[in-house]
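What follows is a set of notes on a single structure, which appears directly below.
Which chain is which? They are A, B, C and D, in the order written, and residues in each are numbered from 1.
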Amino acid sequence: MRILLTGFDPFGGEPINPALEAVKSLDGRTVAGASVSVCELPTARWRSLEVLKGAIAKLDPDIVISIGQAGGRFDITPERVAINVDDYRIKDNDGNQPVDEAIETEGPTAYWSTLPIKAMVSAMKEAGVPASVSNSAGTFVCNHVFYGLMHILAQEGNRRKGGFIHIPYLPEQAARLGGQPSMSLDCIVGGLEAALAAAVTVDEDHKKVGGTIC
Amino acid sequence: MRILLTGFDPFGGEPINPALEAVKSLDGRTVAGASVSVCELPTARWRSLEVLKGAIAKLDPDIVISIGQAGGRFDITPERVAINVDDYRIKDNDGNQPVDEAIETEGPTAYWSTLPIKAMVSAMKEAGVPASVSNSAGTFVCNHVFYGLMHILAQEGNRRKGGFIHIPYLPEQAARLGGQPSMSLDCIVGGLEAALAAAVTVDEDHKKVGGTIC
Amino acid sequence: MRILLTGFDPFGGEPINPALEAVKSLDGRTVAGASVSVCELPTARWRSLEVLKGAIAKLDPDIVISIGQAGGRFDITPERVAINVDDYRIKDNDGNQPVDEAIETEGPTAYWSTLPIKAMVSAMKEAGVPASVSNSAGTFVCNHVFYGLMHILAQEGNRRKGGFIHIPYLPEQAARLGGQPSMSLDCIVGGLEAALAAAVTVDEDHKKVGGTIC
Amino acid sequence: MRILLTGFDPFGGEPINPALEAVKSLDGRTVAGASVSVCELPTARWRSLEVLKGAIAKLDPDIVISIGQAGGRFDITPERVAINVDDYRIKDNDGNQPVDEAIETEGPTAYWSTLPIKAMVSAMKEAGVPASVSNSAGTFVCNHVFYGLMHILAQEGNRRKGGFIHIPYLPEQAARLGGQPSMSLDCIVGGLEAALAAAVTVDEDHKKVGGTIC
């Protein structure tokens, strides 16, 4: 069993991206019997999905999980749903700033993650890592890649599972930025390992409350 | 032109619901030439949509906007997208607490609001009322009614516009609860009036950034 | 009985200051039998206390309460303690930006408010206005005036009561700034009236928990 | 040179206290040439200071730093000022819940930390650990011990330096509690090491802005 894990290059003025650091730490590892391969994605509207498609074609993975930085969040958040819109508050790394444009003109309004997100959250918490389900991956390149990934997997017939996980800033970023929560790389990597193991081993997601009132 | 405005009855132990108070204040008013009628919805999974359907059938409105309480938010937030899932962190007023169940088994994953949400946010801000686009209406009865409404409107051929707006607690609620932001009824009602006027008069939504990074 | 109420002029790039708007609304009113007079203070390290001294000398009030804007807070917060330090994160309106300098070289480290802050918080909540005790008035001009006021009153023998109340942004400020809680002018003014009435009528403060763990 | 580091036992229903875990990790270490000794304090109004006095008498340290858990904070915060009041929102571990009682009836309203808090914050940030000055240590046992410590040191003639540092929850606590920021033990310990080194080596604190507007 093969897992493809992706992380973005830095954006928004940051010199590092915790997602890239985290996935690099997991490259080549075996988690619950599955081997982890890693691919760096550009934080760029068009190029991100091209690189992702190439990596999927090359590795032929069973599971694809994209990891992204969520500045301001303090826990690891598997995303529930990707929406078919690009509405960028800042420019991406190629200078694109689309407003309310579809990601896939012919695509559905949204795709669910096909990962067992409740089981992944439970596994992370049991490992002592703060985690919760998120109901919005935003409308920037993270959501773009999440939607694009689920569109690719749907067109293939959903024979691979896939989804997206947001992670907090690293402490070194928060020390620089001020006023922001963070999570250490060890903690993030430990959480992702637990989440990957759940993704590999859990076929039907747990029926555990993970919703929000609004 | 007729606008149907709905507000929920109180839930979660609260004696009042700001959404109901706000819509009552707007009942019978004329906004941008459109007359406003109001309907109270039960905060209950099954009954909420029954009542909503009845009110739509009776009034035959051009625009339907549901208003709901968003405890913890400090501005008025038109919702962008409704998702096809019930995942209730607390029980609704009839004791239902579904986990990860579809709202419409045959429905799409999500529906967009068909209201001009960017124009509505701009109109509220120009009126001095804090407002922003929200990308998640949660997974409780608010999202249930939002999704159910958009499903009804879609099945009719989208000849009516519709959507959902979340509003903060009232000051009297926050005074009791502690540690929560709030907005006065006057401010909420003023904001909703500006939003309704935009909904009536704006055909194609403004191309203004309203997205979030995550 | 006479109450002197002060409010600051706008600072930090804001065109208005809610404290000034709120006290102007209360000017000339009678609260619990006490007449309210109002004085505008410059948000300036040295001039603020000169103007305050002049106003106290002129009115000879029984109670002096300074009101200041607390951007980011969502309730009305009577301050418990003023500390003898100026450490300005931004420049004041005269361009001063002292770092870790004493307000009064010979003064004590801190002064308590001599207002019945717990009773004032209770009175505001009973009036439906969100309120809580604050244990830090910051280290900018608000704390400077609070400390300076209590120093003046102490040197006079504490025959007048005095203290400081922080209030949130107005909605029109939050609508412009984005991402900030606010409180309407009516709500602020209603809360301050309830607080003033408690300040006039309560001699010994209520023994109600109002502390924080940290 | 000898440093006495104290940490509290768990309170408020928590099975662990990050302060105790962190100081245990530093016990016996040498930091900037100073040896670190550790003492566990009960989270109890009266006993905490008795144990602290005994530890000071026994070790005769040059520097005394108490560490406490600040649930809800996301960075390490050296405290600027201790205030002479006990106002406990919850009971301490001995069942005490004083409201607005003095810690030392004859003591001053407040004591400054005599640690170089700005230099400590800078040292932590340079080490990649999020940190900032705090202007309130609350009104619970943490502030009680901070005030009591500074009172002891003042009565001795301030020949020892002393102060208080608040630290966030550990990830394993936040994973259980939900909705709370955290910091890993490694990150906390690394930050405290940098802070201790600054406390040992910096005689006159840096003139760096560390204040808040309110």
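Observations on the structure shown:
Please note the rule applied: a residue touches a chain if its C-beta (ideal position, glycine included) is under 8 Å from a C-beta of that chain, and two chains touch if they have at least 3 such contacts.
Not measured: the values here are computed from a predicted model.
For subunit B, the chain with the farthest CA centroid is D. Centre-to-centre separation of subunit B and subunit D, using mean CA positions: 47 Å.
Taking the mean of the C-alpha atoms as each chain's centre, subunit A and subunit D sit 37 Å apart. Taken as a contact graph, the chains are arranged in a single closed ring, with each chain touching exactly two others. Applying the touch definition to every pair of chains gives A-B, A-D, B-C, C-D. The residues of subunit B lying in touch with subunit A in their complex are 12, 68-71, 73, 80-81, 83, 85-90, 97, 99-100, 108-112, 118, 135-140, 142-143, 166, 205, 207-214. Those residues of subunit C that touch subunit B in the shared complex are 74-75, 124-125, 127-132, 171-172, 174-176, 178-184, 186-187.
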